[in-house]
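What follows is a set of structures for review.
Look at the two complexes coming up: chain A is in both, with chain B in one and chain C in the other.
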Partner chain A sequence: MRTSPGYRIFRIVAIAVLIVVMLMPIFWMVLSSLKNNVQIFDVANAFNFDPSLENYRNVLARSDYVDYIWNSFFVAFMSTAISLVIGVPAAYSMSRFVMRRSALVVLMARIIPGVSLLVPWYYIFSNLRLVGGYSVLILSHMFVALPLIVYIMMGFFDGLPIDLEEAAQVDGLTPIGAFLKVTLPLSVPGLATAAILSFIFSWNNFMFALVLSDAGTKTLPVAIFDFIGYASIDWGGLMAASTVVTLPIMLIALFAQRYVVSGLTAGAVKG
Partner chain B sequence: MSTATATPRTVPHTTRPQSSVSRWANHNRKWVLAAPAMIFTAAMILFPLGWTLYLSLTNAKGSVRAEKEFIGFDNYASVFADTARFWPAVGRTLFFTGGTLVAQLVLGMVIALLLRKNFRGQGFVRIAVLMPLVATPVAVGMMWRLIFEPNIGIVNYLLVRMGIPAQPWLAGENTALPTTMIIDIWQWTPMVALILLAGLTSIPEEMDEAASIDGASAWQRFWHVTLPILWPSVVVATLLRGIDALKTFDILYATKGRGGGSFNEVETLNVYAYGLSFDYNNYGIASAVLILFFGLILLALFLLVRGNKVK
Partner chain C sequence: MKHPKGAAIALALTTSLFLAACGGDEGEGDSSGSDTIRVTLANHVWTDTIKEAIPQFEEETGLTVEITQLGEDQLSDQYNVKLNAGSEDLDVMMYRPLQEGKLFATNGWMADLTERVESNADWDWSDFQEGPKSATTHEDTVVGVPIITEREVLYYRKDLLEKSGYDAPPQTLDELKEMALKIKQDNPGTAGFVARTARTAAVTQFSSYLFSYGGDFEVDGQAAVGSDEAIAAYDMYSSLIREAGPENVSTDMGWPDSMAIFQQGQAAFLTEADSLYRNATDPEKSKVAENVGFAPFPEGPAGRRSYNIPSWALGINEGSQNKDNAWKFIEWATSQEQALALQQAGNPSARNSVWENAESTKNDPADLVEASKGSAENGVGHDRPLVTRVAEAREIVGQPIVDGITGKDVAESAQTAQEAFQQFLDSE
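Now for the complex of A and B:
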């Protein structure tokens, strides 16, 4: 279609501004994480300094950060895995049998404010002596992961033709067998999307771990607050810690961009 | 597994004898497959929600285990009479949600239209747009805390260089809430943009061109051709962002800490309810606030879905 040269220039400028606005803050965080606190205070010479990994050394050495990285990873991995195991069959059934009302029950988890569940959870799980352990963190993060997985996979199964399953059943497979042996292998792209998104949202989750973890099971988003004292903030350490949390997720997004985008926009086209 | 074929095998399959468990499971597969996820969700929601509802009618305080009395709707009465914390929190919640939602929809639409047609380097631009969206919200809060720092932040440095007076940003009683909104808009506009972009790719460009040949201006084409077709995507984006904006917590807690700052300047309903529950252990009042908060979310959801059906 015809576009005026004026519009073309406007578009280039606008896209350039967009890139700067999106990336500059992240760049600033990484840049500051390579400075000591004196250099951070010297904004006029922001780009004129000797970069050092000192903050990262402090972060990783000082405060059991390696443990926190493991905690975040383990909780995100386990909650995603279990949610896939129970969420994918549910999404399949809800898609094939058009169980919209049942789907709403699961999606309710997406709507309800987490705080309203946290007091009862805390009470129940502390009675079971689980608070502070991994199991309660995994359960609470499953609460985030499951509706996401069901939502994404329902959309995926809706778009998957039913003929193949029927052919497999003619072929002698039971309906569940057809789901396991025919549908699931065909669903790898959808499963990858759901798994990646679920991992990201669990990794990023803050509020549940804030209440339900203890010093040993703390996840990274909670551990960041170690760098904020009552009197002063260790800005360099804080930026290094923030970079450590965010970097793995940004790398995932970089290499699995297609999956991440299709997961985030799931349901957008169908409405 | 990958050898599963679409065409029926030519060799007739010998019917395996099915166990009765397998037969029962296959016969009831609708519920067998759906049950674990539904039971998990229901167990994690229903009892806790009922418990919260019950607590909201008691004077529970200090420890959940402590003796509590049934006091009817007293908590609700005192919450409704609370003009110091509750009503300002309601106002901030609505202001935050409304403001960020409108900004994100408008900016997201602009970005989606901007990136609609293919261009060289679009892969890089799309990755740039994706980054804020996947970044850990708490880390995002910390990052902007440094950027908006009144004395050492880059924003004030640039403002002063341009001859504009420095602003208190997150540190100011009146500027803190709008500043957190800027952060939220930065992080979540990409989400709206990506959803709308996905919707845009499903619109055939011929429609736009036909309208253009008929002499429609760019604005007319957007308003009468693009927007109506894109409407379902706009609704999805509004629903997803609206619900999450009402429940915003991470950014507010990361930038201002407990209680939304020393003057409660960014205390929304979610932050208020969290503080009542876990800083003051005032479970009765907290539960009443939470029930009202949940009601507000359901009301917003109902109005959005309803309003959309009328169209």
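Now for the complex of A and C:
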């Protein structure tokens, strides 16, 4: 396809503008994490300063910060894994056996704002003596992750031709065998998309962890607020901690990006 | 996999077993008369200081203190959820008497401490200042013990005042405005004055202006923000920022933003809480640390009437099963001895005996101590409307400040606020 020079210039400018808008806050965050508190507010010398890793040293020297990273990772991993184990077969049956009403019920869970569930959850889980443990965090994150996974995978399974499974059954596989040996391997892009989005959600979730975790199971987004005090804010430390939180998830997202894109569109066009 | 149902049941069982296995808080749930006191504290210098002393308390009493520490808004959110659910997980709570106290007490979430505070003569409840004490008392019931107090003072730049030919900070609000305008004129690019400008954040710092003009937010349950005194105060606060403040000033500044302008050396005067002074005098945070001076809040037509409030207090959760031990912790943390140590570390106490002890302020700048004492004389015990829905009330009474800064008619805006606030009070 040939494009006019005007269109090419427009395209480059549009992309540049978008990149600047999207990356500016991240760039500013990383830049600020290398400054002390006086330099951060000195706009005139935004780029003219001696970078220092002091803030990172402070963040990582707080021994519990490593624990928070582990907490976040463990909760995100477990809630995603369990949601996949439960959600993928559910999505498959909803897609293949046309269970639209069940699908709607699952969707309801996405419609209810999470904040309205906090008080009842807290009440139930504290009576079960679960508050403060990992299980309650994993369960609460699954509440969001599961519908997400079910919906992405439903769309994906809808797009996979049923003929493949029928062919497999003709060749002697049971329906479940066909699901496990034929459908699942074909669904890897969808699985990857669902898993990554669910992982990112859990990693970033602040509200559930704020109320349901305790000092030992605090996750990173809650821990970041340790840098904001009543009469003093350690901006440098805050920015360094934010960078530490953002970096792993950015790496995962970059690495898995091609799966996400193909997974999101895969269900869109029925094959 | 011949039995799909069996497989599903097995999966569900495995999952629930797993979840049960990682619910790792065995034993600590039972708190009736437990040796573990669960204390929730805000991120604050007070917290950092008391934490260092807690091992000593644990050794003396044989109790264990378990601390959860959060930012002020997160703390507030957590209390609202947990107390609403009737939680037993909280014993001692650090809370803001003026922001949340009335709501918590009205809902019956705070334990009655009246007998406890009066039972120990050595600990001496009468040693606490009246203003802060009234803020932690709800309908004649004591629900909290004030731990930190604050007042509004004037922060100023000694070098800029000198350059413009002034040898002393202003005594009155009118002088403040005159000096701020002159300094702005003498130093292009530098503001004469800065303060909070965001609608809700500014309310507390505006309150001293309001009191010094002889006004208040409400008088005997009637809204009073439309009174002549209030209009004059709104006009003074907003015109200081509009005329002597930074160019193109944002109307979204809380203390970190206005303090940042002062720290960068871009303003000559700042009216703020004295508890924030380290932000201005610490060279790690402030470019002008060398040149910062402090003065009492300037006088208005009704004299010098700064707020003098307990910003934080300790209370006990009504649902706690461990109230006796929780009180032991509060009694210890608010004792004369701890209050002195805490004040030396930069936490202004609510105890008169501590303020009278010269040792308590030896680490603070001398002019700051004088400024705080000056602002405390005739101090008013609140800095925002005393209602249960504080956030909403602050939005209403803060609107004329923003309108004034953006050049709208202050009197008209105050009148609108008056009506809205009266309606609000009627619905309380």
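Everything below uses one rule, namely that the second predicted complex is superposed on the first by the 244 of 271 C-alpha atoms of A that agree within 3 Å, B and C clash if a C-alpha of one lies under 4 Å from a C-alpha of the other, contacts with A are read in each partner's own complex, and residues count from 1 in each chain.
One rule holds for everything that comes next: a residue touches a chain if its C-beta (ideal position, glycine included) is under 8 Å from a C-beta of that chain, and two chains touch if they have at least 3 such contacts.
All values reported here derive from a predicted model rather than from experimental measurement.
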Exercise for review: Put chain B and chain C onto chain A via the superposition and say whether they clash or fit.
Suggested key: clash
Review point. Which holds for A:200: it touches chain B only (first), chain C only (second), both, or neither?
Key: first
Check your understanding: So, A:176: does it touch chain B (first), chain C (second), both, or neither?
Key -> both
Exercise for review: Examine A:123 and indicate which partner it touches, taking first as chain B and second as chain C; both and neither are also allowed.
Suggested key: both
Point to revise | Partner with the higher number of touched chain A residues, chain C or chain B | key: B
Practice item. Figure out whether A:167 sits in contact with chain B (first) or chain C (second), or with both, or with neither. Key: first
Practice item. For A:139, decide between first (touching chain B), second (touching chain C), both and neither. Key: both
Practice item. For A:229, decide between first (touching chain B), second (touching chain C), both and neither. Key: second
Practice item. Figure out whether A:14 sits in contact with chain B (first) or chain C (second), or with both, or with neither. Key: first
Review point. Which partner does A:98 reach: the first (chain B), the second (chain C), both, or neither?
Key: neither
Exercise for review: Quick one: classify A:41 as touching chain B (first), chain C (second), both or neither.
Suggested key: both
Check your understanding: chain C clashes with which stretch of chain B: 44-52, 98-106, 116-124 or 170-178?
Key -> 170-178
Practice item. Enumerate the residues of chain A that count as touching chain B in its complex and touching chain C in the other. Key: 41, 86, 89, 118-120, 122-123, 139, 174, 176, 210-211
Practice item. Note which residues of chain A are touching chain C in the complex, please. Key: 36-38, 41-42, 78, 82, 85-86, 89, 118-120, 122-123, 126, 129-136, 138-139, 174, 176-177, 180, 210-211, 214-215, 222, 225-226, 228-233
Check your understanding: Which part of chain C faces chain A closely enough to touch in the complex?
Key -> 1-2, 4, 7-8, 11, 15, 18-20, 22-25, 28-29, 42-45, 66-72, 74, 77-78, 81-82, 84-89, 256, 260, 263-264, 273, 275-276, 278-279, 283-287, 311-312
Practice item. Report the residues of chain B in contact with chain A in the complex, numbered from low to high. Key: 1-2, 4, 6-9, 13-16, 18, 22, 25-26, 29-38, 40-42, 44-45, 47-49, 51-52, 55, 64-65, 110-111, 114-115, 119, 124-140, 142-144, 146-147, 152-154, 157, 186, 190-191, 194-199, 202, 205, 208-209, 212, 232-233, 235-237, 243, 247, 249-250, 253-254, 270, 273-274, 277-278, 283, 286-287, 290-291, 293-294, 297-298, 301
Revision key, fill the gap. So, in the complex, the side of chain A touching chain B is made of residues 1, 11, 14-15, 18-19, 21-23, 25-26, 28-29, 32, 40-41, 43-44, 46, 86-87, 89-90, 92-94, 97, 99, 102, 105-106, 108-124, 139, 142-143, 146-147, 150, 163-164, 167-168, 170-172, 174-176, 179, 181-182, 184-186, 200, 203-204, 206-207, 210-211, 220-221, 224, 235, 238-239, 241-243, 245-246, 249-250, 252-254, 257, 260-261, 264-265, 267-271
